[in-house]
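Presented sequentially are two complexes of chain A, the first with chain B as partner and the second with chain C.
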Partner chain A sequence: MNTILECKNLTKSFGTTKALDGVNLTIERGRIVGLLGPNGSGKTTFIKICNGLLTPTSGEVRINGFNPGVETKKIVSYLPEKNYLNDWMKVSQIIRFFQDFYEDFSPEKAYDMLKRLNIDPNSRLKTLSKGTKEKVQLILVMSRDAELYLLDEPIGGVDPAARDYILDTIITNYNENAAVILSTHLIADIEKVLDDIVFLKEGQAVLNKTVDEIRDEYGKSVDALFREVFKC
Partner chain B sequence: MPWELKADRPIYAQLIEQIELKICSGIYAPGSRLPSVRDLAREASVNPNTMQRALAKLEEDGLLYSTRTSGRFVTEDDNVIYQVKNKLAQEQIQDFLKKMKQLGFENKEILSMLKTMLEEVKR
Partner chain C sequence: MLAKLLKYEFKATARWFIPIYAALILFALISRVLLHNDPFVLKEASSFLQIAVFLSMFIYVFLFIGIMVVTLVVMIQRFYKSLLGDEGYLMFTLPVQTWKHLVNKLLIAILWNLLSAAIGMVSIMLLVPAQELKELGSLLMYIKEYLGTMGYFSIPLLFLASIVFSIVQMYTAIALGHLFRKHKLLASFGMYIGINTVSQIVFILIILFFQYYLTSLSGPVPSLHPSHINMLILVTGIILAVLTAVCFIVTNIILKRRLNLE
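Let's look at the complex of A and B:
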């Protein structure tokens, strides 16, 4: 089985608004996929459904053959859009917490990345800046040896140098057995790292192609195509 | 030589060109071992699958060869490298001629300007 995630006719309504409207998508292992779309296009809703934080109104998602639940949480590493870590904890305490929680968590990897990004493991989270907290959270997520990484805006709040390091981490961490799905607005920064692009527009997947197919067919970057498709 | 990737063309094709250039200019010497796909991808900040695809094409073209156990190497065949060098040179010249034509120069003028330039560089 090479497919890690499959969704069929996935729909989520909030009252009368359809956040997702019949999305069909198959994601293979070994791919790095960019989930792109303007604000309110359904990116976060999609990622939340995949994590079992929301339930679909109709249709379904299967991850490694399972609906989101206990089985999938073991193999999915999720970076939420919000910071959920306890402010009173030290970075080192959170690392121990994650180690207890996830079998596939590697503290060595986490400490190594902290060092590279100059973050003191003994500092308490409340003393860290917003951007540094985001880095810590991403380090925790990337220190797992998961089969699917779901990253909701992983590079939005960090400086360009850290952004490069994070992309570097995604490349280094690459593994044929795992897939990465990430949502972002910073397309130009990230498109070289992506295999596949999914454009979400008003809850529908309107385009699903590889980066090089897009550049080949349209003669422009994904970033330029996005600006054209979603021109306000 | 840093990796330079433009935004409007397929990344895969650009990686091929840049690796060809690195081989022709001797940065990757004939018979030498290439870094791993992962390291190359990291160096160029590109997706490992894209890098893999570019290397596979270069292998198909005979510029690289791989052994099952010890990795991927640059060909030792000077002839193959020479051909690629020639191809790259021709592309450069075509590009140059196109731009000169856009500026409105005729072949004769281009040739004499080029001669003068070359003389000056020699001195």
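Let's look at the complex of A and C:
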């Protein structure tokens, strides 16, 4: 079982617009995959379907052989593009919450990262700035020993210094058994950590290659290729 | 997992209820001390005392209504915001079956409904002078007279069943509203009116049928025997339970198979 995620003919319509249009994709374990595309290309929709937060119109996703459900939620660690933290808990309480519900969650890792990023575990979630909340969410997600990390715009709202730390964390935290899918349009920052690239364009996967293949075949960086493919 | 969900749901909601319960009891006590040690004292009391009594009673009534509003609002908000709002991203990615989320919300909502009712009653008892409390005792007598000893069980059970149904009905309305692409809240409201109308019609039919049944038994002037009323309560209770189950199943299917957090 080397495939962690497989989707077949995945389609999602909102009214008359198709956010995803027949996406076929296979993601192997041990890879860091960049899901790249301009705004509205279906990145978030894809990730939300994999988490069971959206119901596909047709087609299906299998994660470790299962459709999204309790079995997949145990092994998928998801960073949404939204702030899902409630306002009444302290940072330490939300850590306790994750510890309660996820067997693979390591509070030691979480406290260690909080310390590195200078976040006080006793502060209330509602008093944190937007960027700090994003850091807390990322810490929660990366403190799990999951098999699949689905990170939606993980570095979008944080400062460049924290960005480097976060990317380091992503690379060092995952293991050969796990895969990371991260969506972003900040390609230059993230290119160095990626193994594979998926380009999404108007709900379709238009390119699915390794970073090395892209460099060999096109003789240019992913960032340059992106600018070419999605030229306005 | 359900126990853990319940723990967090209780914590998330208790911070609303505990302070307002405490305040209600406090103002019931203050009003009682000012007023009821001797009800006639007020007429000759200083205007200061009169204002104090008026104020504390005003705050008491305000809190009493406040508890009813908070109970309703928190119930709706904890379902709508924490499952179908942004917090739903957290809740629905937990490795927990959907029905457990539903049972969690429902049990905690029932708890606060019952507690709010109980606290409201306790506060009234604190306010009402002891001799008038005996009137309450005669209410129990009436129950026994009309329903027999069974009434002590059937009335509370019916009360509980109707609370549970009224909560699940709201969940179903919100879940159905969620199926709409736009104006979800408005759609939920419309759905609530729809479900409510259907259930009202069902109950009117039961009453009519019951009346017909009684008339057929004893001629034009129905005589009410405790067993008849208990039968009516039983039938109502069973129908409430069936409607509750239907609503619960519909809500569960929507949240499980048609979830679309946008």
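One rule holds in what follows: the second predicted complex is superposed on the first by the 232 of 232 C-alpha atoms of A that agree within 3 Å, B and C clash if a C-alpha of one lies under 4 Å from a C-alpha of the other, contacts with A are read in each partner's own complex, and residues count from 1 in each chain.
In this text, contacts are C-beta pairs under 8 Å (C-beta built on N, C-alpha and C of every residue); 3 or more make two chains touch, one makes a residue touch a chain.
Model, not experiment: these values are computed from the prediction.
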Quick check on the superposed pair: does A:V229 touch chain B, chain C, both, or neither? Answer first, second, both or neither.
neither
Partner chain in contact with A:Y78 - chain B first, chain C second, else both or neither
second
Touched partner set for A:R31, first chain B, second chain C, both or neither:
first
Check whether A:L186 is in contact with chain B, with chain C, with both or with neither, and answer first, second, both or neither.
neither
Look at A:K220 in the shared chain and tell me whether it touches chain B only, chain C only, both, or neither; answer first, second, both or neither.
first
Under the stated contact criterion, what part of chain B meets chain A in this complex?
5, 7-13, 38, 41-42, 44-50
Across the complex, what residues on chain A touch chain C?
14-15, 48, 51-55, 70-71, 73-74, 76, 78, 80, 82-86, 88, 97, 100-102
Okay, in this complex, where on chain C does chain A touch?
1, 4, 8, 12, 15, 82, 86-90, 92-97, 181, 257-262
What part of chain A is in contact with chain B in the complex they form?
30-32, 164, 167-168, 171-172, 174, 188, 192-195, 211-212, 215-216, 219-221, 223-224
